[in-house]
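Look at the two complexes coming up: chain A is in both, with chain B in one and chain C in the other.
Then we have the complex of A and B:
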């Protein structure tokens, strides 16, 4: 079914037309044209619902991409993907509609905004529909990238750039870890397809790489979904325009990590590590996020921390529910744990509805009053009644108060937490009693900040003096999207059966394929006088009491976390990396040629010396050496003495002449060693070189005595002796051991036959290996041109530079 | 004979390295030319020395010295001559422009 591919690619391809439409129709707000994309996709995905209900099979389609690497653009639509795809397209449509009145065409670069947004939408659809892990990873990084671009939409603000960079660094670091996990899964399972991995699970679930792969995949999921302690990027991402915050940072992108955990559950859920990590990190995030949300004074910051905490709630439910996959449990226990997964999916849906509403409400408040600061807001109830009603519905739902949908999912959450408390099958039974306690405490904090959002903004005294202009109700168009979401909150709250059978159950079947038959999702508003209900009553009672006494106990936030925040750790880490690498580079990249040469020589001595010691090269073999005559000994002795005298020479003339002497004696040696051509060339080259030396050094300063301290000279001497020893040893070893005959017999035999020359060296130079000579001539030519250019061309001084420019 | 030549090449390398590590550009230039002498001697020694007549067919000898390393050295002499002369002129120009031949003073700035 290629329609799925078209669905993923439609938003990506439409980005091409957005700038064209923006330029072509200056009167039209580009958002209206963009709106068609998510609406069409939403209708398409709604039409897929009947096919997925009642145990419908997953639809799949694949286009080969890189078959040699087992990478195909494979998409699968099952219940879980469908739930996410509906959220992405549905809320995407509402957000586009909302942004039409939120972003002004005259003041903002809205074409960029919609390009990024559509890019994100396509990437997100790709993430939830991909079956191939590598394709999933590609779309995953595209969501990070488009989120980065959207957070920094107002790129002239420092805070926006800081927030964008932070979210990029954290989510991409997690993405890399996740890629590592995927590759490990491929190494074990032999396929990148998620469904084939699940099918072949028995073959590799005991592998030593299984738990590392799980940890890496979880790292990706935790960073993306802002789980403790990687949650710090989300509050800073609130510098994005509010529609972006509503869409990316509450409803969709931050749920990509939850999607990944749910999607990989069939692979990993049987492991105890998975259970403890997912539910433990989820609970920590839940508690910490709800605790921190209460102290915030910026409305969007409250919502950011509340998102973190709700994501933690869903994550912990996914963790608790993974116990259902554990082998050897009673059937009713399996059903109860499967209920936790159902709760997770249900709350995931509910959170998207009420958090989307809340962000849009905050955007309206910001738009109409010019501030989001809770200390300046208050008493807006009479001025903005519709907005107030929407905020009330969404907040109460988030707090878990009937008759809204948040109440239902919170009850199911308590059920799951209580069920987890009975758990002893993964060892450490005592700790699981913490689950309901943490869940309850976090719910109390959740209740408090929900009340803060509503009552600090809309109730109390109206502070006209703190606001720039008199606020009034938002335009109708701006109220429609949050109103749609809020009505969903109420409808789903009153009739949960609407989504339970159509969306949650197929999604549950995808997360727990083996246990799907054991559990059917039934969500009812009233389920008797249960423990969960009493817990909720307790939450409300304690929450009201604490909210009313907020100012008396708010002081604890100064003590905890105080200075120990994770933002400081992040900032400190960046600073340490920055300064540390600068310091390290500054230490060894000194700019001194001598230091670099010392590194090179020391490395050479170390590597070659170590290898020679290891291989014990000096032993064995009895090489046959040529006989030695007195005359040659004298020549070599003169060479060595002349060379040794060069560093000791007091004047430059002596040094040059000594070097020249070495060259001349070398040419004498060439005579002795029967190399007439070499001797000739060496003689001429040495003469020219010495002349050139003298010519150049006529202009150079007098040779100064090396006024360096003794350690300097000793160090140099040590290194040079080391180099000499290494070279001598290698030369001795190599010259003594000849493994095979030279190919020169051919040259000797054929020099006259083939080339018609008697001087073998010259024949080799111009005939057998004439190509070397050609390039050697080129080297000389380049060197002479370079010398000419060096002497003639002068850009720095006025005269020469002008002459060059005039030509 | 080969042992002696190996030691001589090693000595040339030692002195050349010592000169290259010095501060003065002049010493560095002399060091490079000493090292190239050492390399040429090594190349010749590695093929075995004095195993026959010079590589000229007119000699009518039983055996000839290996001609291949001689061709290689000839190429190498010419190339190192080209590079060395370029280096001299570069040193000369650097001194004319910058007024020093001390490598420590020719270091880059701290922020580079």
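Then we have the complex of A and C:
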């Protein structure tokens, strides 16, 4: 079915037309054209619902991409993917509609905005529909990238760039970890396809790499879904335009991590580590996020922490539900834990609806009053009645108050937490008793901040003096998208069966393929006087009491999180990395050539010396040495004396002449060792180089001319002695370890036969190995041109450059 | 204040030809005796340097109006073309050939393509050496 591919690629392809449309129709708000994309996709995915209901089979399509690496552009549409795809396209359509009135065409670069947004939409669809892990990872990083671009949409603000960088660093770090986990899965399972991995699970679930792979994949999911302690990027990402916050940071991107956890559940859920990590981190995020949300004064910050906390809730439910995958549990227990997964999926849907509404409402308030600061807002109820009604519905749903959909999923959450308390599967049963307690405490905080969002903004005294202009109700167009979402909140709350059978159950079947038959999703508003209901009543009672006394106990926030925030850890870590690397680089990159030479030589001594000791080469071999002649002894003695005198010479002139002496004696050595060509060449080249040295010496600057001998440095002496020792040892060892004959016999025998020359050296140079000579004379040519250019081309003083131009 | 180098200049006039002859000998005998393009080239350059010492650079340039960078380029080109010439006979790069010919004046003589290659080396070395020395000498 190539339609799936078209669905994923449509938003990506449409990005090409956005700038064209923007230029071609100067009157039209580009958002209207863009709106068609998510609407078409939404209709397409709605039409897929009947096929997925009642145990319908997943649809799949694959296009080979890199077959040699087992990477194919494979897409699968099952219940879970469909649920996410509907959220992405549905809320995407509403967000595009909302942004038409939120972002003005005249003031904002909306063509860029829609390009990024469509890029994100396509990437997100790719994430939820991909079956191939590598393709999933590619889309995953594309969401990080487009989210980075969207957060920094107002790139002239410092805070936007800071937030964008932070989210980029954290999510990409997690993405890399996830890629590592995927590679490990491939190493174990031999395939990148998720479905094939699930099918072949028995073959590798006991592998030593299994748990590391799981931890790495979880790291990716936790960073993306803003789980504790990686949640810190989400509040800073609120610098993005509000439609972006509503879309990415409440409804879609932050749920990519949840999607990954749900998608990989069939692979990993059997492990106890998975259960404890997912549910534990989820609960920690839930509690910390809801606790922190209460103390925020910025509306969007409240919503950011509330998103973190709700994501933690869903994550913990996914963790609790993973218990259903364990072997040897009673039928009803499996059904109960599967209920936790159903609760997670249901709350995921609900959260997307009410959080999207709330973000849009906050955007309206911001748009109409010019501030999001809770201390300046108040009493907007009479001025903005529709907005108030929408905020009320969404907040009460988030707080878990009937008759809204949040109530239902919160009840199911309590059921799951209570069920988890009974769990004695993995030992330490005492710990699992914490589940309902944390869940309840977090719900109280959730209730408090929900009330803050509604009543601090809309109730109380109207502070006209704090606002720049008199606020009024938002335009109709801006109210439509949150109204649609809020009506979903109510409709789903009253008739949960609408989504339970059509969306949640197929998704549940995808998360728990083996246990799907054991559980059928039944969500009812009234389910008797159960423990969960009493817990909810308690949440409301305690929540109201605490909300009314907020100002008396708010002081604990100054004490408890006070300095203990993870932002400080992040900032400190960046600073330490920054300064640490600067310090380290400053220590060894001194800019002094002397130091670099010391590193190079010390490394050479260390490596070669260590290898010689390791390979134990010193003892082996019995070199055969030739007889030393009298001339050789004398010449070598003179060379040694001359060379030793060079560093001790007081004047540079002496050093130059001594170097020349060494060179001439070397040419004499060539004579003694019967190399006439070398001797001739050495003689002339030495003459030339000594002349050039003298030239340099003559032109030394008169200022601070030092005539003293080199100062003695012990380190340098040690290094030079070390290099000499190592090289000498290697030379001795190598000459004693000749493994095969030299090829010189061939040259001796054939130089006249094949090349017609009796001077073997010359024959080798121009005939046997002529290619080397060719390149060597090229080296000479380049050197001469280099010298010519260095001398003639003096752009700095102007004169030389001019002279060259005049020629 | 210019000194009168008449002895040096007169000697140079003679010695330069001796050196040039010797360098030609070194070059031509390179295939069988010690020598070859490299040393021959250095020797020829030495002769020119002697001229430059005895006279001055302007004299050298008026007597031998040669651009030594072109000499270098010619030498490199000759070496490469000699190597590439073996392609004409469907042989690998730089395959040399030699044979014996009976020439009118010299009698039986060996002619080898390697000498052409060596000539390239010779020219390149002369050009390089003279370029370096003349550009340093002209500085200031």
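Annotations for the structure displayed:
In this section, the second predicted complex is superposed on the first by the 785 of 807 C-alpha atoms of A that agree within 3 Å, B and C clash if a C-alpha of one lies under 4 Å from a C-alpha of the other, contacts with A are read in each partner's own complex, and residues count from 1 in each chain.
In this section, a residue touches a chain if its C-beta (ideal position, glycine included) is under 8 Å from a C-beta of that chain, and two chains touch if they have at least 3 such contacts.
None of the values given here were measured: they were computed from a predicted structure.
Of the two partner chains placed by the overlay, only chain C lies in contact with A:771; chain B stays clear of it.
When the two structures are aligned on the shared chain, A:646 is found in touch with chain B, with no touch to chain C.
Looking at the shared chain after the overlay, A:582 reaches neither chain B nor chain C. In the superposition on chain A, A:792 contacts chain C only, with no contact to chain B. Once chain A of one complex is fitted onto chain A of the other, the partner contacts of A:63 are absent, as it touches neither chain B nor chain C. Judged by the touch definition given at the top, the superposed model places A:24 against neither chain B nor chain C.
Looking at the shared chain after the overlay, A:597 reaches chain B, while chain C stays out of its contact range. Contact with neither chain B nor chain C is seen for A:548 once the two complexes are overlaid on the shared chain. Applying the stated contact rule after C-alpha superposition, one finds that A:716 touches chain B and leaves chain C untouched. When the two complexes are superposed, the chain touching more residues of chain A, out of chain B and chain C, is B. Applying the stated touch rule to the two superposed structures, the overlap between the chain B and chain C interfaces on chain A comprises residues 676-677, 681, 685, 688, 692, 758-759, 761, 765, 773, 780, 783-784, 787, 791.
Partner chain A is touched in their complex by these residues of chain B: 1-27, 29-30, 33-34, 37-38, 40-42, 44-58, 64-68, 70-71, 73-75, 77-79, 81-86, 88-93, 95-97, 101, 103-104, 106-110, 112.
Contacts from chain A toward chain B in the complex involve residues 590-594, 597-598, 601, 623, 625-628, 632-633, 636, 639-640, 643-644, 646-647, 652, 655-656, 659, 662-663, 666, 669-670, 673-678, 681-682, 685, 688-689, 692-693, 696-697, 699-701, 703-704, 706, 708, 716-717, 719-721, 723-725, 727-728, 731-732, 734-736, 738, 742-744, 747-748, 751-752, 758-761, 764-765, 769, 772-773, 776, 779-780, 782-784, 786-787, 790-791, 796. On the chain A side of its complex with chain C, the touching residues are 676-677, 680-681, 684-685, 688, 692, 695, 755-759, 761-763, 765-767, 770-771, 773-774, 777-778, 780-781, 783-785, 787-788, 791-792. Note for the complex: chain C touches chain A at residues 26, 30-39, 42-43, 46, 69, 72-73, 75-76, 79-80, 83, 93-94, 96, 98, 110, 112, 114, 117-118, 120-121, 124-125, 127-129, 131-132, 135-136, 138-139.
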